[in-house]
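So the structure is just underneath, and the comments pick up after that.
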Amino acid sequence: MFEQALDKAEVLIEALPWIKEATGKTVVIKYGGAAMVDDELRENVMSDIVLMKLIGINPVIVHGGGKDITRLSEQLGLPVAFKDGLRVTPPEVMDIVKMVLVGKVNQELVAQLNGHGHIAVGLNGADGHIVKAEQVSEELGLVGSVTAIDTTLIADLVTNDYIPLIASVAVGADGRSYNVNADVVAGEVAAAIGAHKVIFLTDVDGLYRDFSDKGSLISRLSLAEARALLEEGQLAKGMLPKLQSCVKALASGVFRAHILNGTIPHALLIEVFTDEGIGTMIVPDEDGLSRGGFVAAPLDNLASKLHG
Amino acid sequence: MFEQALDKAEVLIEALPWIKEATGKTVVIKYGGAAMVDDELRENVMSDIVLMKLIGINPVIVHGGGKDITRLSEQLGLPVAFKDGLRVTPPEVMDIVKMVLVGKVNQELVAQLNGHGHIAVGLNGADGHIVKAEQVSEELGLVGSVTAIDTTLIADLVTNDYIPLIASVAVGADGRSYNVNADVVAGEVAAAIGAHKVIFLTDVDGLYRDFSDKGSLISRLSLAEARALLEEGQLAKGMLPKLQSCVKALASGVFRAHILNGTIPHALLIEVFTDEGIGTMIVPDEDGLSRGGFVAAPLDNLASKLHG
Amino acid sequence: MFEQALDKAEVLIEALPWIKEATGKTVVIKYGGAAMVDDELRENVMSDIVLMKLIGINPVIVHGGGKDITRLSEQLGLPVAFKDGLRVTPPEVMDIVKMVLVGKVNQELVAQLNGHGHIAVGLNGADGHIVKAEQVSEELGLVGSVTAIDTTLIADLVTNDYIPLIASVAVGADGRSYNVNADVVAGEVAAAIGAHKVIFLTDVDGLYRDFSDKGSLISRLSLAEARALLEEGQLAKGMLPKLQSCVKALASGVFRAHILNGTIPHALLIEVFTDEGIGTMIVPDEDGLSRGGFVAAPLDNLASKLHG
Amino acid sequence: MFEQALDKAEVLIEALPWIKEATGKTVVIKYGGAAMVDDELRENVMSDIVLMKLIGINPVIVHGGGKDITRLSEQLGLPVAFKDGLRVTPPEVMDIVKMVLVGKVNQELVAQLNGHGHIAVGLNGADGHIVKAEQVSEELGLVGSVTAIDTTLIADLVTNDYIPLIASVAVGADGRSYNVNADVVAGEVAAAIGAHKVIFLTDVDGLYRDFSDKGSLISRLSLAEARALLEEGQLAKGMLPKLQSCVKALASGVFRAHILNGTIPHALLIEVFTDEGIGTMIVPDEDGLSRGGFVAAPLDNLASKLHG
Amino acid sequence: MFEQALDKAEVLIEALPWIKEATGKTVVIKYGGAAMVDDELRENVMSDIVLMKLIGINPVIVHGGGKDITRLSEQLGLPVAFKDGLRVTPPEVMDIVKMVLVGKVNQELVAQLNGHGHIAVGLNGADGHIVKAEQVSEELGLVGSVTAIDTTLIADLVTNDYIPLIASVAVGADGRSYNVNADVVAGEVAAAIGAHKVIFLTDVDGLYRDFSDKGSLISRLSLAEARALLEEGQLAKGMLPKLQSCVKALASGVFRAHILNGTIPHALLIEVFTDEGIGTMIVPDEDGLSRGGFVAAPLDNLASKLHG
Amino acid sequence: MFEQALDKAEVLIEALPWIKEATGKTVVIKYGGAAMVDDELRENVMSDIVLMKLIGINPVIVHGGGKDITRLSEQLGLPVAFKDGLRVTPPEVMDIVKMVLVGKVNQELVAQLNGHGHIAVGLNGADGHIVKAEQVSEELGLVGSVTAIDTTLIADLVTNDYIPLIASVAVGADGRSYNVNADVVAGEVAAAIGAHKVIFLTDVDGLYRDFSDKGSLISRLSLAEARALLEEGQLAKGMLPKLQSCVKALASGVFRAHILNGTIPHALLIEVFTDEGIGTMIVPDEDGLSRGGFVAAPLDNLASKLHG
């Protein structure tokens, strides 16, 4: 028994400084893909988020939800069309987008989090005008590009210890709703609220130098390298907005951006509370820190932490 | 010019004490019926609510939205059935209810209010577990009766100067969503948060002694009289939950309950800032106050108001 | 009934933004002339001031009171003499000035305001050394010109929700009392406390381009125009210190200066809560605002007001 | 030099605990008689009061001023009449009372205190309705007996570190001014604000058992003994309201009442900061304390004072 | 790598609720015996205490130190005598006790803790009169029994995030120092400050039913059972004051008392952050909780923790 | 009696402004020499310090204690050697230094102060790492020179109204204890905490121009003069670190440095609360103030003190 206890003690001795450091930090999590569709994986992710909240980290969740929109559109006999990867969104499709994202997907996540307590509040960009957008082009209809983030409501809810869940619907200056990319919203929200981290939970393990070579996963990337990668133009289509959002967030002062495989159990927890990364981490250029996400508190410098 | 100015001065002299008194009070408004469907009426009601907010009153809005649910159900080929005035709600219909109330009706009201500023937040009973419910009967499916109100989130948002808009969807102890009556939710919320007033905006002018006689509108009703009226069992079906909710709210300490015709322009404003009522007002039995909704501050007792 | 109610609603819709905006602002009111002598007019003005206080505006009143001084001087056989419109004030006359202004006129106003509650506090420039002055000339005796304002006591009383009533007596560095012009005191106090407005209640309707032509009343004047008018040197004698004080106040950051006819019923109320002015308003040169005294809160910019 | 320094040290060692204890206490001082008329004595008393304020004691001063009223009444040809020691006060004499007390005597004291800083605020019973009164009898005119004290304004000014100087004029429920006894006002104010002490500065050394025998000065009197003395009915006329006010104050919880000879230099200072009394001190019946006015802080019980 | 990461995740998932719960709690640790003498063990214990502090637990340490006292006494030729296990302590030995405990042992612990930051403050019962005592008997000299604890200084230091280290020397009402039992001081301090836990770090694994049978270690004991054990009178001499102190602490509201083997590495950490106990734990009689020291926060009741 | 009372009044009138001014100021007192050895003198000094604390001054005491160290070293057969006035301090002697200073001398002073209440806390440079030092030279062993002061713990204790008593033992970056000069510690602590005064209580009356001429005592010295005196190199050996520390403290912003004869009764009290100095006072060069230590509050500038 003593050996097992000692093992646990060793894990705790490693983790305690990280836990101390993480307290009070805000982390924006873009949630989507397979990890959101599978019931067990979803419960897994949600309970990790609750645990993070319990320990004093403030999660803010952003989500989209493409497949349900397509299904309901088809059921109602509405056209389903994409252009450059963007859903063509005439007003009647926008109604579907809102009903599905705000009235269904968002509510399912709220319900699952609230199974652990009255802590989640479902929102979308129109509530408190969190996300403002403008039309991208006439032919795409109500597809919008993000123009501004109002952080007031998010900050108020985080201060009151709620977990905001934001569906990626925006509002225009014209009062109309816009269909916006959830990756972009996550990056912009992280930048606007000065988050400590932005984490993209997706279906793949991270960025690859050569996507066909599983061994070429990039573990750590500087901001400059990320920008170079974007300029090369060789990224997989789904990765593009994620990496752009990472770059945007870091450039605005976010400390770490991560692209994780949300289907790995407890990927979030491992990422936040241990040194070893999972997936790809993007860090500021001047960053000389170790792999870890938070700066661990060295024990011999305790005084400044306690009395500062 | 002087006469017109003097007229305005007289209105102000009448209104100023009411305005002073109303500051900081919370008013729950059940919004529904024709006043919600007509675009111009809706804009009218929304701008009155914004004006109330501007002057320091805290509105909390509860709404339902039956017709849209029926339409989408029919479009999707789902059965539309009612039993004792309640919509039979199997799980697949409950999905429609949520998509319509949370993803459509609620969002339209949020958008309209936020046209005046970033002040509205769309919610439903699952957010922060505001409204809890339990199943009424197997045959009605997910129709629920309200069992508890958690006021924390509403109070937090009101404190931060938002206007909460609550769609009448509840959450069960089993984590499932329930379809609940919006009148009942309005009355329970008013009771739970200790609102000053609960106002039901509907399509008729108020309660009638004899519904076929337009001259028999009841202007003022005591709580005891309202209870007698309920026991008589002669009320129009739509009025029943409204009057029951009024009684519930007053019995819990709400100061005034009103049933107003929301199609009369500025009915809300006239009700709150002048002595003359519109529609039917229900007051506590021991109430010896004048017709007005708030207690006016008599000018000769100013000291206790300013220095108390 | 509905039409009358709707009329009231329209007045309220016009007034509510002004009321919101006025809350917490300080307004210095110079009170004098016929409006102070007539009992009914005085009661009228005092109740308007109480109403302003009730709604959250902070009035500070400055007054003089020439006629009573002359009367008591004559009764006591003291010489009554004026030089350039200033009362020759040897020490024995200064005693009369103080007894009349501080012991009589000020007390009558205090009594009338306190008929509405325990809210008024009578002061003069010696209390807390509010108004400091120095001798103008040997031959005028204790006639003083204002050299400094100490706002501490006024601010403390306003913070505690009192209405300070200041009789225009000052104190010198030599500890002696000085007879000072009430118009000047009002302007200096407004400048020193950073009042939102200074209002001169007098017997005439305002400034006239040509005093003999009643149709030449100046409704609105820029600071530059007011300075030009002073340089022309054609002003009626009583208007000179008023307009000079307006200019002084505006130059120090006061937002609006008004010269009103205090004998018009509710002139104060109309001025503060409606768009149409009464009398003459002087505004900063760069001012592009409408006629109104306070900046109305446009409803579509509500968020910054509520969440700022 | 060392001996003199040591003497000073001994005085300080005696005084320091009293000074510590006195900090933050409120002391009501009735000021009147010869000590108020003589210029040098007045300056002496005023500078002692300033010193008390400096060290953290809060003085509240109440004063009357009979002789000046008589003089001005005579100058104006008004009747001067007394009944049972009370000035017959028809309305025209009441105007004189106010002009003299509020406009002259009060202002002279304010000026003298403010020679040491901007600390004094002149008041009378009408300001903030500090002192309310009702008519004693028709034949005495506007002579009033005190019915209520509103301590709000006094407390606000004391909190803001002003010294309130209250002229003994009261206001009636009918809004009229009343001529009230300054000794009574001092006792009532001390009782109402829960003062630590009330001190009557007068022309004689205190109470005498036998007024004709200077050796019979009563140094210390219990509340019960003071009541007995009042019942005996042998007191000098001027002492009666003073002793009654002492009894009233002590019965309401005031800790010490003193009758001192204000013409003795620094009588106030000696009384408050040393053990030996001057004049007559009245103490609660159960009082077993030493002669001193404040309870000295014994050095060996320091902890509860510092950490309590 | 993923498996190892997952293992860590599992430990974290187990520990996180305990960590959350422990934050802000105070734990009194009696430190002594072999664990205090061995340099490596001492560093081990000190770094566990620093880690507890880092995570937000407030340790308060009490220590004795018998062997050094004996050694110095012998060096100085002073008699070393014990009576009923208590050191006979004439004044000259008491000087040795203080010099060794306060000037040596306490300082060594302070130095070791402060190697991790400026967080430790060395104290003894005389500082701020933390521990008061009275003489046990004439023949034992300055051996004292604890009569009172003053928690002010401990609370002040804990509030300011220091770790107080208290040497077991007390002060008498007579101002003399007394030699008191460190186990008793630990129990009394825990009781007086309302500690969450008191932990006795000693050389043995805990209490045994039969000391000669290593298999009879008592893992968990109720308060009633502990009292019964004390009445039986079969306890090893060193265990007696420890168990008595445990009983005293629990009876005063301390939540858990532990007797641990301080020579087991990280015994403290394992005890506080995992479910399995080490050594003997004494719990209140009514206690139905699991083995763990703190009450874990079940995830499904999160709301009351976050919003309560 | 009146004359004696008047004398006391005069002393009070002189002292009150000084007392007011001293409130809240921190004074570092270096205590040592004969005044510390004699029991009666020690009680005298301690009760003056308690009186200063009572009136609101915050004393911080620094002490050494050479003779006891020598005695115990000799008893234990350890070598006693000095080099340039510094005690040669091998590790085994350092243990003696700590045991004597921390475990004996410091504790005796704590006990004496705490006889007046629970106000004293015994410390040394290792507690909270108040005093850091580095080795002076190999041959002197653990003699240290001060390198840094951490004021956190002192400030926390002063804020909580304790009197910190600091034994002159320091801690090195290597974790070892160092023997440091108490005069230097006093000056450095005064400089680091921004004390108002530093006072050196010693056995002589102050600095002499010519030590053999008792009439040449220097009463007042500017910082420049003090520096010149140090350069001359004629100072008595014991005075050197005191005067150097005075210069260091003044250069860091301390307002006054004093060298007093601690054997004169109440020297501290006379120094702090009267104008006449005892011993030698060193003042900043630009200082045009009178002999007194604190700046007296002139009565005519009271307002800025009370309302600022």
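The first chain written gets the first letter, and so on, giving A, B, C, D, E and F; residue counts start at 1 in each chain.
Following the convention adopted for this analysis, a contact is a pair of C-beta atoms (placed from the backbone, for glycine too) under 8 Å apart; a residue touches a chain by one contact, two chains touch by 3 or more.
Note that the coordinates shown come from a computational prediction; the quantities given were computed from them, not determined experimentally.
S.K.: More C-beta pairs touching across which pair, E-F or D-F?
M.R.: D-F
S.K.: Check E-F, D-F or C-D against B-C and flag the pair whose interface repeats it, over half of the contact pairs matching by residue number.
M.R.: Of the listed pairs E-F, D-F or C-D, the one copying the B-C interface is D-F.
S.K.: Need the CA-centroid distance for the pair chain A / chain E, whole Å please.
M.R.: Chain centroid spacing, chain A to chain E, equals 46 Å.
S.K.: Using Cα averages as centroids, what's the distance between chain B and chain D in whole Å?
M.R.: 60
S.K.: Cα centroid separation between chain A and chain B, in whole Å?
M.R.: 37
S.K.: Multi-chain contacts in chain C: which residues touch at least two other chains?
M.R.: Touching at least two other chains: 115, 118-119, 129, 150, 152, 160, 303, 307.
S.K.: Using the touch definition from the top, list the residues of chain D that touch chain C in their complex.
M.R.: The contact residues of chain D facing chain C are 75-76, 95, 98-104, 106-107, 110-112, 114-115, 118-124, 126-129, 150, 152-153, 156-157, 160, 162, 171, 175, 177.
S.K.: For the complex, which residues does chain E have touching chain A?
M.R.: 1-2, 5-9, 11-17, 19-20, 47, 50-51, 53-56, 115-119, 160-161, 264-266, 269-270, 273-274, 276, 278, 297, 299-307
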